Amino acid sequence: MVLILRKNAEEKQLKNLIEWLKNQGLDVHLSKGRYQTIIGLIGDVSAIDIELLKGLNIVESVMRISEPYKNANRKFHPDDTVLDVCGIKIGGGHFNVIAGPCSVESTEQIIEVAKSVKKSGATLLRGGAFKPRTSPYAFQGHREKGIQMLLEAKKETGLPIVTEIMDVGSLPLFEDVDIIQVGARNMQNFELLKELGMTRKPILLKRGLANTLNEFLMSAEYIMAGGNSNVILCERGIRTFETSTRNTLDIAAVPLLKQYSHLPVLVDPSHASGIAQIVPPLSLAAIAAGADGIMVEVHNDPEKALSDGAQSLNPAQFDELMQDVKKMLTIFTDRKLVEIREEER
Amino acid sequence: MVLILRKNAEEKQLKNLIEWLKNQGLDVHLSKGRYQTIIGLIGDVSAIDIELLKGLNIVESVMRISEPYKNANRKFHPDDTVLDVCGIKIGGGHFNVIAGPCSVESTEQIIEVAKSVKKSGATLLRGGAFKPRTSPYAFQGHREKGIQMLLEAKKETGLPIVTEIMDVGSLPLFEDVDIIQVGARNMQNFELLKELGMTRKPILLKRGLANTLNEFLMSAEYIMAGGNSNVILCERGIRTFETSTRNTLDIAAVPLLKQYSHLPVLVDPSHASGIAQIVPPLSLAAIAAGADGIMVEVHNDPEKALSDGAQSLNPAQFDELMQDVKKMLTIFTDRKLVEIREEER
Amino acid sequence: MVLILRKNAEEKQLKNLIEWLKNQGLDVHLSKGRYQTIIGLIGDVSAIDIELLKGLNIVESVMRISEPYKNANRKFHPDDTVLDVCGIKIGGGHFNVIAGPCSVESTEQIIEVAKSVKKSGATLLRGGAFKPRTSPYAFQGHREKGIQMLLEAKKETGLPIVTEIMDVGSLPLFEDVDIIQVGARNMQNFELLKELGMTRKPILLKRGLANTLNEFLMSAEYIMAGGNSNVILCERGIRTFETSTRNTLDIAAVPLLKQYSHLPVLVDPSHASGIAQIVPPLSLAAIAAGADGIMVEVHNDPEKALSDGAQSLNPAQFDELMQDVKKMLTIFTDRKLVEIREEER
Amino acid sequence: MVLILRKNAEEKQLKNLIEWLKNQGLDVHLSKGRYQTIIGLIGDVSAIDIELLKGLNIVESVMRISEPYKNANRKFHPDDTVLDVCGIKIGGGHFNVIAGPCSVESTEQIIEVAKSVKKSGATLLRGGAFKPRTSPYAFQGHREKGIQMLLEAKKETGLPIVTEIMDVGSLPLFEDVDIIQVGARNMQNFELLKELGMTRKPILLKRGLANTLNEFLMSAEYIMAGGNSNVILCERGIRTFETSTRNTLDIAAVPLLKQYSHLPVLVDPSHASGIAQIVPPLSLAAIAAGADGIMVEVHNDPEKALSDGAQSLNPAQFDELMQDVKKMLTIFTDRKLVEIREEER
């Protein structure tokens, strides 16, 4: 860490600062120039509050040289993390496709979707039981019953299940859930992250709508600091001025996260765009950018008028996408679609 | 609500849609033009999922005409909401200044700050006990002990206290807290909002970094839908591309929120800017824009080198600001600074 | 176009508005509901100022149903536009790679780069002669001499040249330039666009940093309205809060622009990211998303310390990327890399 | 300027870099640590391309310590710049109100508005002759005739006139214009800025929709580098995700620009918000934040239905605003509304 001091820095304040820094266990290197005075800090600065330092009268600016995350940092863990979820490997060249409906509506629905997406090649089943909704008057999901429905679908198909948690209190209900999802709105719900860090459950952490990659990795660090290293990162679009899409998929986040961290990186093109029609090209772009998997909304209700949500593919569209995904993966030797064998059931 | 249908809308799908809408208890007005077919919906559309409708094959676009929030809506409650917190009125012409340190550090510190800000004219005391921190390695606050320290300061000065809650689980610890703050990162922690809606505690709800005014009011609606109408809105800056300030204070949010809603609107210039030097001009701008109060960080540790955080004023700076606030309020006849009488202690 | 009127709309104002609309040559359909009055407009609304209507006292909101762009609109021109630049086809399945240095530095340099990128498979040569620089003190490019250097490189290699124009005044200098680039900062320099619309030159129009897709297409429309239909669109990243990359590549813009318009769509991963290391994955993502080509910065100065700019690939890196591009295109049957034959020289 | 080098920096590259830096006339201070090597640069770094340095293999990051702008920098010119426009002083405590219609429509209209706003206390007249419009099919302004109409209004009222230029070519038409406005879309039209730098005309420079304060000041620097120090800065809102307002007024820009620069700082609440109703509170907020003036759209066509644009005040609303502006200024001793005496005509 490097501190640039203001020109008018008082000697007394400077002395106080240096003393305080030394008390934090840091080596302090002072270099006074004619125009500028710079303090270099060597040691473990991860607990130093950079905002506090920036706020000091005598400090002009602060530059962090090393990243504040450690467990999530590829520098300290060069090899890819590979998770094992019910025998299915995630990361390190194992490509996964998580598919399923936005909300779990009924046992029949989720089983039907599960069978359908499995047939097309999906490796994990998603479905919302607890639904974060902007309006208190909108349907909030089937909650614990929704989880039971997902478990039925797992029993029927063997596909491990992924579903979202919304608060610490409902954690006991997630005991049989294979991967617990933390939604974008909860990416900085630090109490929830800490609690999940105490478990050893695989966590699918979605990037917040207004969060930088650095903050995203710091939230992963919250979980990992508790001892749970089973974290999957998921880019799902950020909020920008553009209104053609619901959010803006930050495709550059994929290669950067892979570079900064050893954790698996997934992309959710359905939430990123909100437009079913462009989910396939964005899915292929995610593979091309280096993603370890994609997470796609698939709905399945061909009889009713309200079958297809704006961002959900129907089974036929999903099957077509999976053909393209498989073709695409043939030219990337570093990743292979995970195969679900019938015996795994 | 108005639906614009696509040109190629199939009769069968249209029939299904109209039937479904009628089942939701809505009056459906269909007008077929040569080029366009439009459906007008009359009735209570607050529970309708606009995203679902947008996603339908046959729907080109959807326009909500009335706001999806009701309890928070000025249209249905033209008069300003006025809260009463330990005898101090908030909203409806009663101007308040919430002041105090970012973190509660010790009983001595918080009492000293409380005395100092009260003397300058602050009407409520703030201080962080539970601290949301980007890094898991940073100090997370004194937590329950911090609340005790705040209560000591209240006993000493009579100033009601405001402090942030971070999860549902710690709600019992907030029984004696006068105003519970929900931070920007938890603005869409819906489970927390619902739980707070079950209490009758005054809630200071901060706008999320990437949330629109509409979403902000919907989060207030979550609390109010539970029966708790004691909600205070606080604009504290949004995330933009500009890096000179920590966030961008959306000053236009003040008159707009006052127009859309009857709830009191406060401004937090400290978090919005992150720069102590511009907290005074932004505070005055907030008054000029029509705010019902401001929330300002004040630190008080003149002996130590690390006394003043980047965004905190010291007591002398705060006192000077309060002189200007008082002068400023003299020209606005619609608002008056709440007076704290010694007897209230 | 649909206008939603305010509840309190005065009869006289309404009558005035309807009359005015009819005078614009529009069919006016008024439907008065118990709660809402809606005006539907049929006819050519492209010249109607939507902001003006929004601003009327009696108008609550306005919804444009048809796009305001016509010449650029795929609805009216379903077939892909295919440009022919010195025998090289662009768009309509003809995939192109524009490569070259950020700035043209010398005749030797540009010839060397041109030869090198041509050997690797590039189909067009780019190089900055006029350089838009944030600082007036930074090197502003070799200007007219830079264009001469590019023409030398064209003579040597046969590669058509692409270079940026910065103002109307220098248009005569671009007579021999094959494709004139309009940079992001000039995307709404309407006087320049109009002037370029008067020529029949192929124009590579880059998206502005803060411009929506709709505005982007409206700028293309400016050129096309003058009679010049030789427009190529180029997505090059938008400005967001994320600071890991220089801009945020809006990959979803690619399939959306292809859907909205018949014009060729290119992607510039170098300017979008500002990081050479992630230019290859972003290039492949662009192909996967459906782009008609990419535009890549390649520098070539292996002897000097300052050879590689943050976002430029060196020739070896570019050659490796081109191998991947070719491999990638084998699985997309809708697009084929344009081949440069030696005879074309 | 400080460069942080990568760990694996090769000696040869380091040597090349240091040599190159010395050739730029800089003092180079190398400090090698166990973990990090840092290069400090002393001297005139304003012409150094920071992006180029960031792009070097061996450089991890670069921190600019001093600002790249000089002429616009308050550090080198502590005193406020005061412009004199036909006897009216701008900046340095002289508060100005620029008012007038969005577009000049006719001589009668502009004279009527001019008389009206002058009566209410406006000190300068604005009106668009050349109009930057998103659509090529929208009215582009009366152009040279519009300037003539403005000059008529000046003759009639004595109010100096402000109008926008859109390209270098029309500069000769602006000879009699008192203040030339550069619009947000042209803030980085560097060729135009250079040309304006060659004149000695007062320039009202508006901030670009996606430009940082630093870029804004660099654009001012472009004009000043040519010798024209008559620059007025105008904050007019930036583009963010919020859609309630047309743009987001960055009120914090006002005190920051005043701190960074000695140039006068104005605020345009009309374009920033696009909503007439909140123009008054935003105007007052601008004064409270320290602005040297405001620029307000006022329309004047009470007979016609289409009289008031979304963001324009009518004369009565403007007159009311001016009463509040005057009241507001009474409590700020550092600024005083400029008085227009009849003799000045």
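Each chain carries a letter (A, B, C and D) given by its place in the written order, and its residues are counted from 1.
Keep in mind that, in the parts below, a contact is a pair of C-beta atoms (placed from the backbone, for glycine too) under 8 Å apart; a residue touches a chain by one contact, two chains touch by 3 or more.
Predicted, not measured: the structure shown is a model, and the values here were computed from it.
**Student:** More C-beta contacts across A-C or across B-C?
**Tutor:** A-C
**Student:** Taking all residue numbers at the subunit A to subunit B contact, is the shared part over half or under half, that is, same or different?
**Tutor:** same
**Student:** Return the chain whose centre of C-alpha atoms lies at maximal distance from the corresponding centre of subunit C.
**Tutor:** B
**Student:** If you average the CA atoms of subunit A and of subunit B, how far apart do the two points sit, in angstrom?
**Tutor:** So the centroids are 27 Å from each other.
**Student:** If you average the Cα atoms of subunit A and of subunit C to get two centres, how far apart are those centres in Å?
**Tutor:** Going by mean C-alpha positions, subunit A sits 32 Å from subunit C.
**Student:** Can you work out the whole-Å distance between the CA centroids of subunit B and subunit C?
**Tutor:** Computed value for the inter-centroid distance: 41 Å.
**Student:** Can you pull out the residues of subunit A that are in contact with at least two other chains?
**Tutor:** Residue numbers touching two or more other chains: 210, 239-241, 243.
**Student:** State the interface residues of subunit D toward subunit B in the complex, per the touch definition above.
**Tutor:** Where subunit D meets subunit B, its residues are 210, 212-214, 238, 240-245, 248-256, 259, 272-273, 275, 277-278, 281-282, 284-290, 327-328, 330-331.
**Student:** For the complex, which residues does subunit A have touching subunit B?
**Tutor:** Interface residues on the subunit A side: 12-13, 15-17, 19-20, 46-47, 49, 51-52, 54-57, 68, 132-140, 166-170, 185-186, 188-194, 208-210, 215, 218, 221-222, 225, 239, 274, 276, 304-306, 308-312.
**Student:** Would you mind writing out the residues of subunit A in touch with subunit D in their complex?
**Tutor:** 2, 4, 29, 31, 33-36, 38, 40, 42, 60-61, 63, 65, 239-241, 243
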